[in-house]
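Got some structures for you, see below.
Shared between the two complexes below is subunit A, which has subunit B as its partner in the first and subunit C in the second.
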Partner chain A sequence: MDTPLSTSPERRRFNVADFTERFGLVLVWIVMIAGFGILLPGIFLSWMNFSIMFATQSPGAVLALALIIPLTAGDYDLSVGATLTLSAVTVGVLNAVMGLPLGVAVLAALAGGVAVGLVNAFFIVYVRIPSLVVTLGTTSVITGLVQWMTNSSTIGGISPTLVNMVMRGRLFGISYAFYYVIAIALAIWLVFEFTPLGRRILFVGRGREVARLSGIDVGRVRVGCLVASALLSSIGGLVYAGLLGAADPFSGLNFLLPAFAAAYLGATAIIPGRFNPWGAVISVYFLATGITGLTMMGIPLWVTSVFNGAALILAVTVSQFVRGRQETDIG
Partner chain B sequence: MQSTCRITVLALASTFLVPFAAHADPVAEGLARATQIVEEHRAVPTFQAPGESFDIRAVAAGKKMLSIPNTSSNQFLKGIIRREIEVGKEIGLEVREWENQGQPNQWVQGIEYAIANDFDIVDLISGVNPAVIEPQLEAAKAAGVQVFTSHFYDPSQEANPLLAGDLPFSFYGQGWIMGNWAIHKTEGAANVIVVKSDEVPPTEPLVRGIRDAFEQNCPNCTILTEINVGITEWGTKIQPAVQAALLSNPTANYVFPIYDSMSQFVVPAVELTGRGEMVKIATGNGTPFVLDFIREGRVEMDVGESLDWVARATIDGYMRKLAGLEMPEELAVPLYIFDETNIETAGTPAEANKGYGDEYVAGFHENWQLK
Partner chain C sequence: MSVPALRVSGIAKTFGGARALKGISFEVAAGEVHGLLGQNGCGKSTFVKVLAGFHAPDPGGTIEVFGKPLPFPMPPGAFRDYRMAFVHQHLGLVPTLTVLENLRVASITARRARVNWREERAAARATFARFGVSLDLNARTGSLSQTDQALLAIMRAAEDLRGADGPGLLILDEPTPFLPKEGVDRLFALVRQVVGHGDSVIFISHDIDEVREITDRATILRDGLVSGTLTTKGSSHDDFVEGIIGRRIARSVTAPAVTRGRTLARVTGVAEPGLDIPALEVAEGEILGLTGLLGSGYERVPYLMFGAREATVGDLHMGGKTTPLRSMTPKAAIAQKMALLPSDRPGASGVPGLKVRDNMLLLELDDFMGRFGLNLRAMGRRASALSAEYEVRPANPDMRLGQLSGGNAQKVLLAKWMIRNPDLLLLDEPTQGVDVGTRQQIYRVIRDAAARGAGVICASSDAEQLADLCTRVLIFSRGRIAVELTGQDITKDSIAEACYGHSTLDVA
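Showing the complex of A and B:
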């Protein structure tokens, strides 16, 4: 679809446009950082500010990374926020309430994530119900289960070991949480770009019938992607529980929309037109930078919701104009 | 009520006395007043009868009450209703909860249910805004069902005229104690970041209480910034907003998440910014997991109120109205400070009704003529 057939000068022009498209978001991000740096001298451009931002946004970043896997294969997973919450409260209930060792609680949380992925996959792939409907349903089921498990109460007293492994432990001044995000993004990038599996996922997302006729086991790929998404969401839940030192039964769902925004915004950068991990991670931090800067300037928080939505629409619009308003393969 | 009266008297006294003591050190005097207020609310609360003694069983006999919480997922409200059900058993009042997920159409349905099933009382406990369901309030009134609110308005706020009665709670007092706590602990040099949710009616009087504490008892104390976060966005916005506020206000030494469930997002914000030694967290409500945070040293203070006491005072007020007696002007529930010195009394892990003593139960029984 991007096969260059052009002559050399055209190719050079294309590359300039290509570069702008690929790194436009990064450039806007840098300009934004510089702008806030000027407006908030001595406060915004501090290592402390960025290290905190990198750590705090980790649960949302993990969720955005979880989302791009089924999205690449052509499925929506609306249950990632609920799965994140399920994982966090599983650790809370097993570790803080029932007193089980942290390792057991973590394994149970991850197993819960895999179970959610398998349930989603069964209804989506085997029963052939649209992914939007199934994951909306499982979100509701999980939300109810979480309220039952927690008695609708926040659970405090999670093992300090988890808090140390996520928030208090630092490398170069940044909490470990951020490095988990980078590790996950790196793993997804390697799979997407350098393995036959990554290509198969992409083919399945671009056209299921074509992929099937090419000999790809489409069902298996989709199941794998949905399970991977749920597993990563449960890792996001562990990060969230480690960041708070508590398990909150309600707030995880709020990560859903920002994560979708970051996934779609990320699809306009680095590898435009494709959901990609680095684009998603950059988008999370791009949005967080804007919100942090605006908050530091004392602007009311409702503005941040406007910023989130406007940034997404604007970025996708700019990207579309750079591409000559082509039809995209996404959504 | 007594505690709120005391708060109001002290606030007024402070206002009038300060100008006459211009020659004295206003910082030291304000600090002394703040310390006195803190000490008063550190003492285990004592029961004071909300009104004259009456035979509550005779009034409650055969009566039914439907309690409609703002949402059944709120543990604070759920805890009060659980206690109301138990207190109802003690006095012969049938109490039921109208389970809902916080949607106004479900509250409407609840009132309709109460009318259709001959309930005597509807209890809009702490959060259901009567203004949202006025047609149903009119229908209930016409059907002879008495609809009350409890723990929703501050005494300074006007109750909806369609209600049969109202038991306001001093949210102002909660803010007043939080403000004076910071004055006391910083010796008159508090610089506070307030985290609030303006959409909830108690927020205004609560924040006014903090402001008044600083205005009247601390010339050098300031509210550096007020962060307003919608309830549904607490999980995603409080932490980054508090972090940003802490970084841009290096002189901050207190964060007040005015509702203590906000604390779970404020605690990591303070810890991540590396300001845990300098910036303390003071809050209010007495939610058990936040009391656990006090034991762990992550939150400094929580102004608590006993849910059982709230339940008893609520039923007491409603029954007085049914008996033709005067309803108390306020919900007679004291505010009590939990900090590191008394947190063990709340239990391990903390429980919603522990730490407030149990003298009040006997007090209510005697006032209700229960033998």
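Showing the complex of A and C:
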């Protein structure tokens, strides 16, 4: 008897629909790059252009990765953008203005992120207020604090060490910032796919009661996810400060919507129906490619907002159509 | 002879390559209650969807309703023009609206101008009078009992039929599985009223006893074909079973244990609103049934013991340890080798959108941690082996749980708990929505657990199930244990009798 237990020949056969669904976004991305390459001959398809894009989009990519953690556990975190700004500004104030060593400033920024995560978690998990409401509130609180800390002006003069570690240091012509994104994505992927914790987070997000009755400490998982997203957001802030060599108290929030769009768009690819890190990272650069190409073609700045917003709604719509009425993370 | 209410001939339906209906023909006489039954996947839901115009059948077949052939494809909602009305299991009521608004929704939404509430109210009262049912018109529909909601939905559908000229055909698609026994009785009384007014009823169910009680004749579907039409009066339970699954299954009854095992777990001093249990114990190898009428509180016991619902007082004594129920949590219960299979399958038991293997191995994740994280290949092998062992069909652990039929999903979730070899197995309605054949497989798993020394507590409203499965049954009445049945005394009738007997006695 040599019949294996898994006697499903369909599983072995190459599934075109499945492949298209998983890698459709990548294909569209390649088509888009080719399209802009033809429309903008000689300018668009340059290593320079892409290496700049890979670097400048990395704070957004870190935010998208931060977002998918609580989203998988069934909670929204709108405060990631504000947390990113808080972290960048903390480094700016402590290092550039007060002259503390960079290491101390970085640790303080990360501690600030953890604190934001704990505050969010307290109100969401223990007071049981919807996550959307809590993080909308903390966003405003943090934005106010940031303006107070910086007097509403950009702080320059951050230690060149940070700039070297993020922007100037390069591998294969791409700033280190990009590799931090890849490292974070890899870590999240490993946790999601290959640890019991990852499975538990998934069950907490998809069936909270099922998770609870299966002995999973749902509260602790949710707190952990919210703290992780805030911590990652503050790492995003460090990357942002390193890219600019300065701390900008305003523009951090601009990363929020593209990050959300990327998180949702990413859930339509690679592992369709689930928020997943590779999908999110690809989506960030997919959206950035679109905006870069359009900008190079001379399309005005307001199109960026329209593009990002439309991409968010379109991403969710596409996933609804593709998956039919199947249950997904999205929604 | 008059025109039949429904004449179906040669209806087939193919989805992709799969033939869900392979050409079925049967008739429903005017003025009769006609049962339609069969196992999950036999084609009854497909047939209902064809009848409602949701699916068009394969070309060739015809359906006539009161002599009028249905056009295929049928425009949405056109079934009303053919004097049909449907009540589906999900009833189609809006829980946040009042009874009046739900009952009169057609008339209220059809109006262009101001709604005449006085008129609507009078019409609603007339409906209640006609069917001998009375509900509070101002009550929020969601606050009604399941039974009252079902009655409301049926009355609304029956009223739709009155608009047409001549009698109509009311299709009840599995309205009973979530109703307590007394609710089913009230529903049947209403169905008799509907037939009394001259309409015909198709009653779809998988409960043989209900079909035998209410119908005049019944058509049984098996694998997309009609396996027979029975005249209810002249047919036995076994005739139905044979029609449904194609063979007679001996109803297996658990052999009583010769000696009672050692006490495994005891619960003492439970006192919650509507539940008062001085002491309840379960022995090793015992299958203890808990039952009672709706509201008697028996179904809360497993959840309290498992720490799934908050308790205020009482203790659990198990394995030489005493734990206050107030501090019980599911996590602690699992650590004490307890298992709970809740009745709310998609909401509390398993996640329909995730894979069978993920659902199956959720409790065992730590055992699959290798040096490089979860050993996905070993998990796949384990899930395949378990699917085979528990006869899950199709045995593909990469399918989503929601793609399986109710019975197969339940086998997956049973496997999830049984692989931990629990000492105390807590079940709530373990065979709800599960077909006859699968039921026996589930019983076997439960009996095997008991045979190896586990204690089982099974809360169920299904007297037949309790009679087949349990070695001792406690019947609850108003939150207290009213009757205890053991050994030969456990029969379907004795359980039903005890349920009803006590609710009236208790009034005194």
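In this text, the second predicted complex is superposed on the first by the 297 of 331 C-alpha atoms of A that agree within 3 Å, B and C clash if a C-alpha of one lies under 4 Å from a C-alpha of the other, contacts with A are read in each partner's own complex, and residues count from 1 in each chain.
The criterion applied here is as follows: a contact is a pair of C-beta atoms (placed from the backbone, for glycine too) under 8 Å apart; a residue touches a chain by one contact, two chains touch by 3 or more.
The structure displayed is predicted, hence computed values, not measured ones.
Between subunit B and subunit C, B contacts the larger number of subunit A residues.
Touch criterion met: A:S46 reaches subunit B, while subunit C stays clear of it. In the superposition on chain A, contact is made by A:F194 with subunit C only, not with subunit B. Of the two partner chains placed by superposition, only subunit B is touched by A:N254; subunit C is not.
Judged by the touch definition given at the top, the superposed model places A:S153 against subunit B, while subunit C stays out of reach. Legend: residue contacts after superposition of the two complexes on their common chain; A:S140 is shown touching neither subunit B nor subunit C. In the superposed pair of complexes, A:T304 makes contact with subunit B only, with no contact to subunit C. Contacts of A:V210 after superposition on the shared chain: subunit C is touched, whereas subunit B is not. Comparing the two complexes, no residue of subunit A contacts subunit B in one case and subunit C in the other. Of all residues in subunit A, only 5-6, 8, 11, 190, 193-196, 199-200, 202-203, 206-207, 209-210, 212-217, 273, 326-328 touch subunit C in the complex they form. Across the interface of their complex, subunit B is touched by residues 40, 43, 46, 48-49, 52-53, 55-57, 60, 147, 151-157, 167-168, 175, 243-246, 248-252, 254-255, 258, 288, 291-292, 295-296, 298, 300-302, 304 of subunit A. Of all residues in subunit C, only 306, 308, 329-331, 333-335, 340, 342, 344, 347-354, 358, 362-363, 365-366, 368-369, 372-374, 376, 380-381, 384-385, 388, 395-396, 398, 400, 402 touch subunit A in the complex they form.
Within the complex formed with subunit A, the subunit B residues making contact are 72-75, 78, 225, 227-230, 232-237, 239-241, 243-245, 247-248, 261, 264-265, 267-269, 271-274, 287-290, 292-293, 296, 298, 349.
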